[in-house]
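The next block holds one structure in the form of structure tokens; read it before the comments.
Just so it is clear, A, B, C and D label the chains in written order, and each chain counts residues from 1 on its own.
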């Protein structure tokens, strides 16, 4: 059955949220948001999903600081972060490329990354683009570091990295990514060619499971409509939902 | 015209609030509360009065911490504090007499005094009882100090002390009270006899003005009914308001 | 999530730290009576930031081993007799505080930070007595001492509110200290006047004064759950009964009589 | 207290620090257009904790000399073109932050404390760039470094809300960051959709989501005051118009054209 890359990524992320109690989704994260809503559907509603900037898919009533306070209280199990640059140590750059403050390429900014990366146990990194432009040997600007010295209070950190080519898991001990699964149509060589950092490769490489018909129906149905409340353009452009469904 | 001591104290305190923008009234302060409401009436509503534990005479919507945050922001001009013991340096004791923690006499506790005394510019001390038991040479326990070293951040502090015998004003420079006015029926000797600390006496001693008929009508009318919402027993016992007026 | 009063208080362990609200806020008197019947002991009571009848009754019943508070008072009914007696006889460990220090400690827990600075307090004997409070030099300005207070993270936040919904959201209106307690505590137990079928978070007006179920461990419906203390906007205090309590509680025997009549005698005990 | 839009923005001085909300909160677009017409300049913009069209438009118009923010983004419309251009050409002083750091700085101002500790941030280049952020040893535990942030007290909090009343109380519902901004700022200027004759504080449901007049300096009624951005619970964003803005703002000339058509041309400018 035909599916879009974003739909594959949604179904690749959803299993990472299985068994959790509360997943929060931050700014500019339609795919992770859809994955969280898909996982909630599968959990029969046991999984709580809080989507920043959503009117209906959040329970927060204490203003903008609550999602961060809530995470610091240990009440958020998983969160998502992107990166204009991501390196092999899971350091992420949401600020800019080539110089600071007068960066040649300027991204929006660090958002809550410098905090959430430290306090949320399972932070899933996400980037549709998987190129040497994004996956770099060393980020130009560290918005948030992938690891910290032992003396630094850090109950949280990176869990995995999901891209348009593959899924990595992060190993805290070695502070390196290990290849977890490769998307249909991608080879290890492709990934090596387009990744600017070194990563570990297991003896056996799993393919990323393709979305099932049931999953696609959900994504293009209720899940799409729900995420469309916060990301209407995404729902229209990528999931091809009509405006009136959103 | 006949009046009660509390009514004299209410009219003695009210002028101290003239021209202010916001007066807050804390716990166990029916007389100061009534004085603030009287002053608000005189200001034609320009004076804002916030009464702790009141449902109707407070504008706070951010919980118990707001009155303290508000004061720290410099938005509260005057506040009232009592004291089981008060000494000549305006130190107040709201904790207990004769030993700590196993005090022979235990008071309720310091409430917000250790904070409000520092941040509210005009703190008015209040005590109906004026005896050597309350007005002591040195408090047994300093809930809040009357003065602080220069290096201590302290925009606020004591302004005066109103008792059943007289009104003192506090002089920050000398850290001493000066007699401001003596209530009808009291002499300087009476006050000296019943005051355990030294205080300054001006060349000319003013009498405390008696409540006017108009003031008494207000106190026994709208002001009494308003304070009765928070202090029903006070309104009934002292102002002799019928329950249905409160 | 929705349970009964006995199960609710049964979740409070011996030795737990329990945060309670003042009499003018979410005063959970029915839960306090159930807790006394349950025989839970060695409690560390945290008043947010002061307490009244709940504290005096728990202390009188011997359920409390320590109290952190800015004050214990029965308001217009006077000093709290069982609290005063326990202090004089050294039966409870006292941790005297000041109102904003307790709020600040809870806000530190709410933010997941280990401490919170607070102005004032310097020169108060509270600072001398509290060995867990420290003075720091303000790192942003020379020669500016400031007090720092450790985060307060209670095991349990226990309070009464007007309304909850079936999802476990609790409406507290402007009594925001109850939300702070729920954010800061490990577990939050709430009694409510009514449980509504409508989702409180779906109503834009009520949502603003609602604690999300995310922070709530269990809810029990108890009508008049604040009695004999009042509940703002719902019912006034039963001043006759509170006066009777205050009179009886002046002696240990009188307090026991009150317990027998109004707490242990389940029928009359809400 | 109740005034018109021009008087409202006229109270903002050149060089003032102005706190604004994200596009999904109380986005005061009509006030931003009036501010640009007014020619107020050298503003220090504080995004709480991020900003969108308000920031891009003010920066493009040359009204802004510095920006403290966790991000400037147009959301699904992409990067903020005028912000990006100003950064590349060094026309604004950047004070990059992270969301909770801005909330914490405002909470410090709200509490009247000089600084607030915050977890995380250690090892981020934000800490290297922000010379006003410091690292401290947690005084309550050995070898536990923690970041401390100075209080942020803006001259002005500027936002749009659904409702105010004649007393000057402003209803913001669950958008509590707007209340934090009002508590922390020296002056608070608000545009509202409607001004109601009922006292918001007299309604127990609305009171819980209301900023008391005590914190509000001036209010102007501006229907659709958030347009072309949306207002939660009231109206959606005008995505066609926002796309048009984003397209035009890609070039300086296009942005000037937008200003001429939608900002300087008073008729169409709310």
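By our rule, contacts are C-beta pairs under 8 Å (C-beta built on N, C-alpha and C of every residue); 3 or more make two chains touch, one makes a residue touch a chain.
Just so it is clear, the structure is predicted and the values come from calculations on it, not from any experiment.
Trainee: Going by C-alpha centroids, which chain is farthest from chain D? Tell me that one.
Mentor: Between chain D and every other chain, the largest centroid distance is to B.
Trainee: If you average the CA atoms of chain C and of chain D, how many Å lie between those two points?
Mentor: Centres of chain C and chain D (C-alpha means) sit 37 Å apart.
Trainee: Cα centroid separation between chain A and chain D, in whole Å?
Mentor: It comes to 27 Å between the two C-alpha centres.
Trainee: Which whole number of Å gives the spacing of the CA centres of chain A and chain B?
Mentor: One centre to the other, that is 58 Å.
Trainee: Please output the residue numbers of chain A that touch at least 2 other chains, ranges allowed.
Mentor: Each of 60-62, 69, 72, 119 in chain A touches at least two other chains.
Trainee: Taking each residue of chain C in turn, which ones touch at least two of the other chains?
Mentor: Expected reply: 104, 107, 111-113, 118-119, 144, 146, 174, 179, 207-209, 233.
Trainee: Graph of touching chains, which shape: line, ring, star, complete, other?
Mentor: other
Trainee: What is the complete set of touching chain pairs?
Mentor: Pairs of chains that touch one another: A-C, A-D, B-C, B-D, C-D.
Trainee: Give the list of chain D residues in touch with chain C in this complex.
Mentor: 104, 107, 111-119, 134, 136, 138-141, 144, 146, 148, 150, 172-174, 203-209, 233
Trainee: Over in the complex, which chain C residues touch chain A? Could you list them?
Mentor: Those in contact with chain A are residues 109-113, 169, 179, 183, 201, 207-215.
Trainee: Using the touch definition up top, name the residues of chain B that touch chain C in the complex.
Mentor: Touch list, chain B to chain C: 27-28, 52-53, 55, 60-66, 68-69, 72, 94-96, 100-104, 106-119, 141-145, 148, 151-154, 231-234.
Trainee: Inside the complex, what are the residues of chain B that reach chain D?
Mentor: Touch list, chain B to chain D: 22, 48, 59-62, 69-75, 119.
Trainee: Could you pull out which chain C residues touch chain B in their complex?
Mentor: For chain C paired with chain B, touching residues are 22, 24-25, 48-50, 69-73, 75-77, 79-80, 83-84, 87-90, 93-94, 96-101, 103-104, 107, 118-126, 129, 143-146, 174-180, 232-233, 239.
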